[in-house]
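In the part that follows, the structures are each spelled out as structure tokens.
In what comes next, chain A is part of two complexes: it sits with chain B in the first one and with chain C in the second one.
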Partner chain A sequence: MNALQATTYQDKSSGRIWKDKFIQGLVIFLSVVTISPIALIIYKLFVEGYKQISLGFIIENTPDTFAAMTAVANDERIPGGIANGLVGTLLMIVLASAIAIPVGVLTGIYLYENQGKMMANLIRNISDILQGVPSIVLGLISYLWIVKHVTMGFSALAGSVSLAIMMLPMIVRSTEETLKMIPITLKEAALALGAPYYKVILKVLIPTGYSGLLTGILLGISRILGETAPLMLTALGSSTINLDVTKPTSAVPLLIWEFYNDPNMIGLIWSSSLLLMAFVLTLNIVSKQFAAKRR
Partner chain B sequence: MVFSLVGGAIPSFKAFGLKFIVSGDWDPTEGREVYGALPFIAGTLLTSFAALLISLPLSFSTSLFLGEYYKGTRVARILGMLVDLLAGIPSIVYGLWGFYVLRPLMIDLGFGGQGFGIFTASLILAIMIIPYATSLSNEIIAMVPNDLKEAAYSLGATRLEVIQTVTIPTARSGIVAGYILSFGRALGETMAVTMLIGNTNRVPDSFFGTGNTMASVIANQFGEADGLKLSSLIAIGLLLFLITGIVNGVGKLIIKKMT
Partner chain C sequence: MTQTIAEIKNPALSIRDLSIAYDKNYAVKNVTVDIKKNTVTAIMGPSGCGKSTLLRALNRMHELYENITTEGKVLLHEENIYDMSTIKLRRQMGMVFQRPNPFPTMSIFDNVIAGYKLNGNSLKKKEKDEIVERSLRDVALWDEVKDSLHKKGTFLSGGQQQRLCIARALAFGPEIILMDEPTSALDPIATSKVEDLLVKLKEHYTIILVTHNMSQAARISDYSLFMYLGELVEYGKTKNMFTNPKDPRTEQYLTGKFG
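On to the complex of A and B.
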């Protein structure tokens, strides 16, 4: 190989390497751009929201427009808080979980026990479709079912039903996946000891897969915690604390929507969002930790 | 569920027939009510598609970062966690951030007078679907067998060439499915889009103009709706359900074919 040839080879390959380095740099740069919104959003929420956070913010009801207006005009902290929203959110989540967890876990167990059967495949596909349904459509469905026919008006129950439908596929999926990972010998051992089937489920399958189930449930809750759209069509909102499931009820995301539409309440938007985000992200991280520990 | 949606939508389909889908008029004035879903269908498809295009370079780079360049390292774990957190942010918080941060930015940059519109909505949607697109294609990219890549390296390929000739072709259908599924996500997004798109009930005339989507028209007008209007909104819900169902079905089918 003479000298001339060697240089051309080298040139060509340095071009390739340069291109390789360039693309790698681009990938790193774009990845950083990708995650920058989360930092920007949390920063904005924190800077704008921390002023309003106090004990009163958590235990008081939302102020009326006039009170908020006077406070803003006098440059004071807006009185009142989001207690009605917190209580409403809690109520609806408990109710939604009460509907979705038993149904979801049982469906998951059914799917696990009937692998490959037609009926199980059908249910699995329906559950997958359900996962992709836009939340606002679920709100419409719950409106048609509950608001129109059961409670005859906007209600916490209707809100919970739409949220429960939303949680359901996640719980079904995580239950089935968790159970699949449990060694079959465990189940066989219990059956060999003569345990009836329901006892195998209650005493072996569920305790062994407990952390997996919990992860699924927590992820499901963190998904519905911030949902606004279906609640607008079902729970509507309320300015006081309401514990009656057949009455309109507020929720934190609904309150944020109300504050957003009311120019006097802008001060409250950020603090309620900050609180909501804190809840959602904590739940999210906790459930991911559970999942990671299991591996 | 489908049954009750269809039941609720019947009066509107009866009144307008197929014209409901192709008509661009939306006029709730008493006496001459006309409802056509075309502006919303167009707005939904336009915003979602634009969001997909905007998110493509970002999410694809991120999944290469996670699944190829820094696979299994601590940096990748932290980055992956942050991307997952993006999925955890509630839609309404994205909307607020878009309204108070992105919109003024748009005005400063000179896009549209008020900063509302298709483009702003697509931008926020793009951020929202990044985690879905990333986690799916990242998983598929990480699944590409090491033997294949090592064979290419041993022939003297650079990392970029390995990605171009081995990773992408092997993972192609999975990556495509991931993007189809995140497109399905974008179709149904409500709150953030409602807050940013401007909510005008006509077929969007420019990319920086205002418009409306199927999900946001339901959210916006449901409160004051009854009779024919309510039924039309439910019909839009049904159409949205069908469109997302088809999109998700195609995505799932591709994934199933692969495994």
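On to the complex of A and C.
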């Protein structure tokens, strides 16, 4: 009787096992389909790009077309590098962060403190909408505000403002979510010691939620790192290193676009993209690390 | 309400007609009572009777939440606490919470002097060291942590963390310490350490202790306050209340009929 039962079980489950196998295969197949583009991209960037990567690539400015043409004709390494783009990107990220972090963190604190109030809901919704605005539109806005009225011309500042608007919603959200996760009794404990409210924020809430805030900021930076469209309308580009925020400035993604438009410099696209990709991946991994540490 | 309000001379705290409501639902109704200096006063009563609500009114914690309204007066040195600045009030009124809650980013040392740091009072190194040592000795934690003062407070055991939180409340030199079931998250050994501590601390401080645990109230409190459905039902010497409760509801509670 026992044996009989066992066989009937097996009969029923053999169909189930087959189904399991099928689903499992499908999942694996789809996973491969999902990750293959990124694997192929990294592979292609590496194979095509590594030849150009050298110290000079990082510390020299972009070559002129003629120098590149000569090098290509003689089958040599294209001279020069992307130092102007790297410095420009760094400059604009620092400036964008300097604008977006204080505004974003303060807004996040405001939302956290005013849960359920109309004004807070409104701001939260606007911030969510902002996250969905195409970056080129943000570039246009910054063009109208900064290029036309503040710096009277294309500038790093204008580029930074458009990037800051892009970062803002991510920082607002991550600040609010992080604060919500901090046990309320910590806040009460600090207030029970007679601490004024701003000290509670600065010395208890922000340090406690520090890794969460940092995750949001790093993800925000990795988002703007590769932005090209808004910079075309604001920072424009520059063939030399520029540190004046009121002047046109280059950026790595802008250079990639320029290289694409110059048949002699196609070789530089891959190496620049490889570098950019490496930055973005590193930032993503570092911020995931912070997020994991929090748990 | 029975007439059990002891009019105590020179009380630590006089609560007068205190009512507290959450969105118009009264959780504490017309409580009037004097708290005697240098005693442990226990607030007892079944769950939901308003113990925590009453306690948290005393350092104005309710003001953090907009749906809570408070009526009545609480006099500290003849001054209504609702007319004081919260900073001045909370300096005189330390609070210890149900769950130990040291600041997770601060060291043991910094947790003890957190009250000073958070108020922007800068102290000399020597003063800090003195305050930390004295406060940690007060809570009998000094010998256990003196070699790891710069480790995070959250590395300590639950009982040690709770004593650290008591030290944090003491460091500021309050007159009164409010405690909401401070031992309910602790094991029996840690509980008895904290209880011993409270008995010792009443020499210098007035302690108001919310407790669920009747035997704890019997062991360490001098006065007891029995609450039921937001009302103060009975107040008196703990010994008298336990041996000879005046109100039938107190008696029922003490004999385990409800709660």
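Please note the rule applied: the second predicted complex is superposed on the first by the 270 of 295 C-alpha atoms of A that agree within 3 Å, B and C clash if a C-alpha of one lies under 4 Å from a C-alpha of the other, contacts with A are read in each partner's own complex, and residues count from 1 in each chain.
The rule is short, and it goes like this: a contact is a pair of C-beta atoms (placed from the backbone, for glycine too) under 8 Å apart; a residue touches a chain by one contact, two chains touch by 3 or more.
Note that the structure is a prediction, hence the values are computed from the model and not measured.
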Once the shared chain is lined up, is A:V27 touching chain B (first), chain C (second), both, or neither of them?
-> first
Go through the superposed model and pick first if A:M118 touches only chain B, second if only chain C, both, or neither.
-> neither
First (chain B), second (chain C), both or neither touched by A:S273 | first
Which holds for A:V204: it touches chain B only (first), chain C only (second), both, or neither?
-> second
By residue count, is chain A touched more by chain B or by chain C?
-> B
For A:A192, select first, second, both or neither according to whether it touches chain B, chain C, the two together, or no partner.
-> second
Doubly contacted residues of chain A, that is, touched by chain B and again by chain C = none
Touch list for chain A against partner chain C, complex = 183, 185-196, 199-200, 203-204, 207-208, 210
Of all residues in chain C, those that touch chain A in their complex = 59, 61, 64, 86-91, 94-95, 97, 99, 101, 103-105, 114-115, 117-120, 165, 168-169, 172
Report the residues of chain B in contact with chain A in the complex, numbered from low to high.
-> 1, 4-5, 7-8, 57-59, 61-62, 64-65, 69, 79, 81-86, 88-97, 99-101, 127, 130, 134, 158-161, 163, 181, 184-185, 187-191, 195, 215, 218-219, 222-223, 233-234, 237, 240-241, 244-245, 247-249, 252
Of chain A, residues touching chain B in the complex = 16-17, 19-20, 23-24, 26-31, 33-35, 37-38, 40-41, 44-45, 128-129, 132-137, 140-141, 144-145, 222, 225-229, 232-233, 253, 256-257, 260, 269-270, 273, 276-277, 280-281, 284-285, 288
